[in-house]
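We just call them A, B and C in the order they show up, numbering each chain from 1.
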Amino acid sequence: MAGNIAAGPLSGIRPALPLLAPAYLWLTLAIFLPLSAMAFFSFMTDLPLSGKDWSFTIRNYAAFFSSGLYVTLLWSSLRLGLEVTLWCALIGFPAAYVLAKVLKGRSREAIFLLVILPFWSNGLVRIFSWAMVLREGGILDVVLNAILPFKISVDLMYSYPAVIIGLVHSYVPYMVLTCYLTLQAIDDSLIEAARSLGASRLQVLRRLIIPLAMPGLIAGAVLIFVPVVGSFMEPRILGGRTGTFYGTVIEDQFVAVFNWPLGAALSFILLAVVLVILAAASPVLRRAT
Amino acid sequence: MTRLIATLTATTVFASILVFAAQADEVHVLNWKGYGADEPWAVEAFEKATGNKVVNDFFNSEQEMLTKLRTNPGLYDVVMINAAFNDQAMSEKLIQPIDLSKIPNAADISPDKASSPMLNHDGKAYGVPWVWGLTALAINDKSFDTPPASISVMWDEARKGRVVIRDDAVEAIQFGAIATGQNINDIKDMDAVKAKLTSLMPQIRTFWSSENDWNQMVASNQIDVGTYWSGSADRAKTQFKLPVSLVIPQEGSVAWLDAFSIPVGSKNVAGAEAFINYMIDPKFYVEWVTKVGAPVSANEKAVAALPEESFNRKVMGDPEVAKRIQFQAPITDEQREKYLALWQELKVNVK
Amino acid sequence: MMSATRILEGLGRFYIGLLLAFLYLPIVIMGLMSFNASPFYQLPFEWTTKWYEDLSRNTQLLAATWNSLEIAVITTVISTLLGTAASLALFRYEFRGKKFLQALLFPPIAIPWLITGTAMLIFFFGIGIGRGLHAILLGHVALALPYVIVVVSARLQTFAPELEEAARSLGANQWQVTMRVTLPWIMPGVIAGALFAFAVSFDQFVVSYFLSTPGQATLPVEIYAAIRKGFTPEINAVSTIIIAVSMGLMLITARFFRFGGEK
C-alpha cells in the first residue's frame, strides 16, 4: 500500500488539506458518489429507471451464495489475477533492474518510454493481433515450424494460456515501471559497499535490492492484480470456451439481461474480497520490506 | 424516496432537452452499426431526396438500445427494434403509434408481418416491419463436400473443436429447443435442452459475439460450422467473398423480425416517416442486397424485385422453409435471467 | 571480475531486447495488417494502402481520434497535477483517516469499468451534468487519479524525508522545499504517472461509451461500435499512425531531455 512508511515530521490533516482536497473532491464527484448510488441500487429489486415497481432486498447478495457458480468463478478469477501478477513480476522485475542499474545514459530514457508505448494502442486491436499470432497457422506456428527441424502444431488460441499471454502483455509495463522507480533510487555506492564487504551477487539481490525495491513491487502487484480479477475482454476473446470468468458474468448482467442490481452486487462482493486480500497481505508484505 | 426519484427523472429529462436540442431537419437514427441505415450511399440518396440530414447512432445489444431510449428522451427520431422487444418499449412509453398513411411503402408489406401482434397494440401500429431473417447454421464451404441437412452436424464427433455458437443465452437455449424438437417460445422440457447443450460444449471452439468474429475465424479456416444469422452469412459471401453458406436444418430455425419505430418525443416525426418509407423501399433494398448483402425485406414488392435466383427470394421465400421456421416471441425478464443463469452454468462447467 | 560484469550486462541488454520483442509483437502485426488487403487478417500478405486512403476520407473516425487525443492530454495534465499533490500530502503528513483515504483509491481500480461507467451515467444524469465531452473528461480524470497517486507514492517512498527537513532548517519555505528538493527527486514517478494517465484515458472505452453523445465519440468508442459489423483495417491504420507519431515524439524527447532521474 502506498505511503505506509510515511515519516514526515508534520501531523494533522489541516496542512494536508489544500494538497489533498482537489484530488479527493474530484474522485468524490466522479467516482465515490456514483458508486454509492450503485451500492444503493444493489439492494433494490429493480431499477427505478425501467419504470417498474421496486423494493429493497438482499436477494442480489444472496444470489452469490445460492449456487456454487459465482464462488467457483470468483475463485478462478482470483487465481488468474495471482498467476498474471506472478508472471508480470518474474518478467518485469529483471527488466526494471537492467533498465535502472545496467543501462546508462540516454538509451535508458528511450527504452523506458518504449516500454510504455504499447499501452497507447487500443486494447481490442492488440487482442486481435494476438489472435493472429496464437492461432493454428498463425505467426507463432509458422515461425516455430520454420526454425525447428521437426513439425509441430502450435494452437494456443482459445485457451487459458492465451488469456494469460494477453493479460501479461497488457499489464507487464506496470510492473517494469513501478519497479524501475524504486530500483533507480537505490544508491549504487550502497551496492558497491556490500559487494566489497564480500556479499555475493545473490546476497546483494536478496538482502539489499529486493527489500529496497519492495514498494515498487507492491505497487505494481496491486495495479495488476486488482484490475485483472475483474477483467472480461481478454478472457472472452482469447479464452474461447474456457474464457468464462467472474468479470464476464458481471458484464452479462449489464449487457445481456439489464439486471444492474445483481451486476452491482456481484461487483461489490468482488471489491470486498479484493480489499480483504490486500488487507491480509499488507502485514506480510510490510515485513518483507 | 419517490420524490427523489421524481426529481431525478425530471432533472434527467430537463438536462437532456438542453443538451440534445436537435435541429428540426435532422433525423436521428438508432440502429445496429453496418445494418443498412448507415450505408453512405443510402444516407446520401435519402438526404438528396428529402433534404433531411441523417445522424446515426448505434447500439450493441437490445438492452443497450432500450437504455439509450430511456436516458435520451427526445433525441432519437427513428429506432430499429427487434419485434420481440417492441412490446416492452411500448409499455415503457418509449415509442409512439405510427401513422401508416404517411408511409406509402407500408402498404406493400406482407400482411402476416404487418399485422403481427408483436407490433400492433390496441389497433395502433408501433412498428413498421423492415426485414426478417434466421438464426440458422452456416458452414465453411472448404470443410464440406455436400452441405449437411441436419442440425446434428453440430454434434458430429468429426467436427469436434471446429464448431461455434453465439455467446447469447436466449439464442443458445432456443437453439437447444430446436435441437430437441421443441417450440422455442414455449419450452416444456428444459432438462432436455440442458442435456443437449451440455453434450454440445466439448465440440465448441469458441463463443462468437460479433459478425467480425465469425468472418475472421472462417477466413483463417479455424471453424467448420456454427450458428449464424442469415443476413450476415449473405454479407460474408457477397461483400467479403468468404466461403460461407447458410444451411437451414430440417429440424428448423429461429426467425426474427426487425422493425422501425418512432420514439416518444421525436422532434422530426415527418422526417422519421420519410426515412422509414425510404428504408422499406424496393429500390433501396435491391441496392442493399446487391452491394452489401442483407436479410429478407418485409416488403413483398422489394423481395419480388430481386433476381429470381437470389438466396433471399429463392430459399428464404420457399414455402417449405417457411414451415420450418419459428418466429421469436417476446421474452419476460424473468425468463431471460433464467436462461442466462443456465447458459452461464453450462459455460462454467465446461472447463 | 570485470568480464563477469560484462557478461551480465550483455545478458541484461539481451533480456530487454526480448521483452521489447514481446511487447511489440502485436503492435508490429497491427501495423502490418494495416497494409494487408484482407479485412480479416487473412494471409498470404497482399500489400495495399487502401486502408489509409479510406481512413483519410473517414471524417467520423478522424474526428473521434482528435477527440480522444484532446481528452487524453487534458486528462493527463489535470490528473498528474492533482495526483502528485495528493501523493505529497499522503507522504508528508500524518493524520487520522489517512489509511482510509489510501484505501479509497482501490474501488476505482477494482470495480470493473462497466459498473463505474454505468454508475457515472446514472449519477451525472441525476445531478444534471449529462453526457458529452465534459462528462467524459470528468470521468477520465477520476479514473486516472488513483494510478497517478499509486505510482508517484511508490517513488516517494524512496525519498528521505530528512532532505526536506534539512532544506527547511536552512530557511526554505514549504513551496521552495517542494519545488527544489522533493519534485526533482520524484520527477521520474511523475512522468511515469503522466504516461499512465494518458494511457488510461486514451484506451478508455466503457466510460467514454456511456458518456458520449452521438457525433462526439472517442476513438475506442468508434472501434467497439465497429467490431459488431464493420471492423476494417482502417482502425489498424489509425492505430499505427498514432503509435508511429508517439514513438517519434518520445524518441525526440528522450534525445533532448533527461528525466530518468540521473543523479
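Some notes on this structure:
FYI, a residue touches a chain if its C-beta (ideal position, glycine included) is under 8 Å from a C-beta of that chain, and two chains touch if they have at least 3 such contacts.
Everything numeric here is computed off the predicted structure, so don't read it as measured data.
The minimum number of touch steps separating subunit B from subunit C is 1. Of the two interfaces, A-B and A-C, the higher number of touching C-beta pairs belongs to A-C.
Separating the CA-averaged centres of subunit A and subunit B is a span of 37 Å.
Remark: subunit A and subunit C have CA centroids separated by 15 Å (rounded to whole angstrom).
Residue positions of subunit B with contacts to 2 or more other chains are 8, 60, 71, 216, 220.
Listed for subunit A are residues 49, 128, 131, 255, each touching two or more other chains. Of all residues in subunit C, those that touch two or more other chains are 41, 126, 224, 227.
Subunit B contributes residues 5, 8-9, 60-61, 63-64, 66-67, 70-71, 92-93, 167-169, 201, 204-207, 209, 216, 220-222, 333, 336-337, 340-341, 344-345, 347-348, 350-351 to its touches with subunit A in the complex.
Across the complex, subunit B is touched by residues 38-42, 121, 125-132, 213-215, 224-231 of subunit C.
Partner subunit B is touched in their complex by these residues of subunit A: 48-51, 67, 69, 72-73, 76, 128, 131, 135-138, 157-158, 236, 240-244, 249, 252-253, 255-259. Those residues of subunit C lying in contact with subunit A across their complex are 8-9, 12-13, 15-16, 19-20, 22-27, 29-30, 33, 41, 82-83, 85-98, 101-112, 114-116, 118-120, 122-124, 126, 138-139, 141-143, 145-147, 149-151, 153-159, 161, 164-165, 188-189, 192, 195-196, 198-199, 202-203, 205, 219-220, 223-224, 227, 235-236, 239, 242-243, 246-247, 250-251, 253-255, 257-261. On subunit B, the positions that touch subunit C within their shared complex are 8, 11-12, 14-16, 18-20, 28, 32-35, 55-58, 60, 71, 75, 210-212, 215-216, 219-220, 240, 242.
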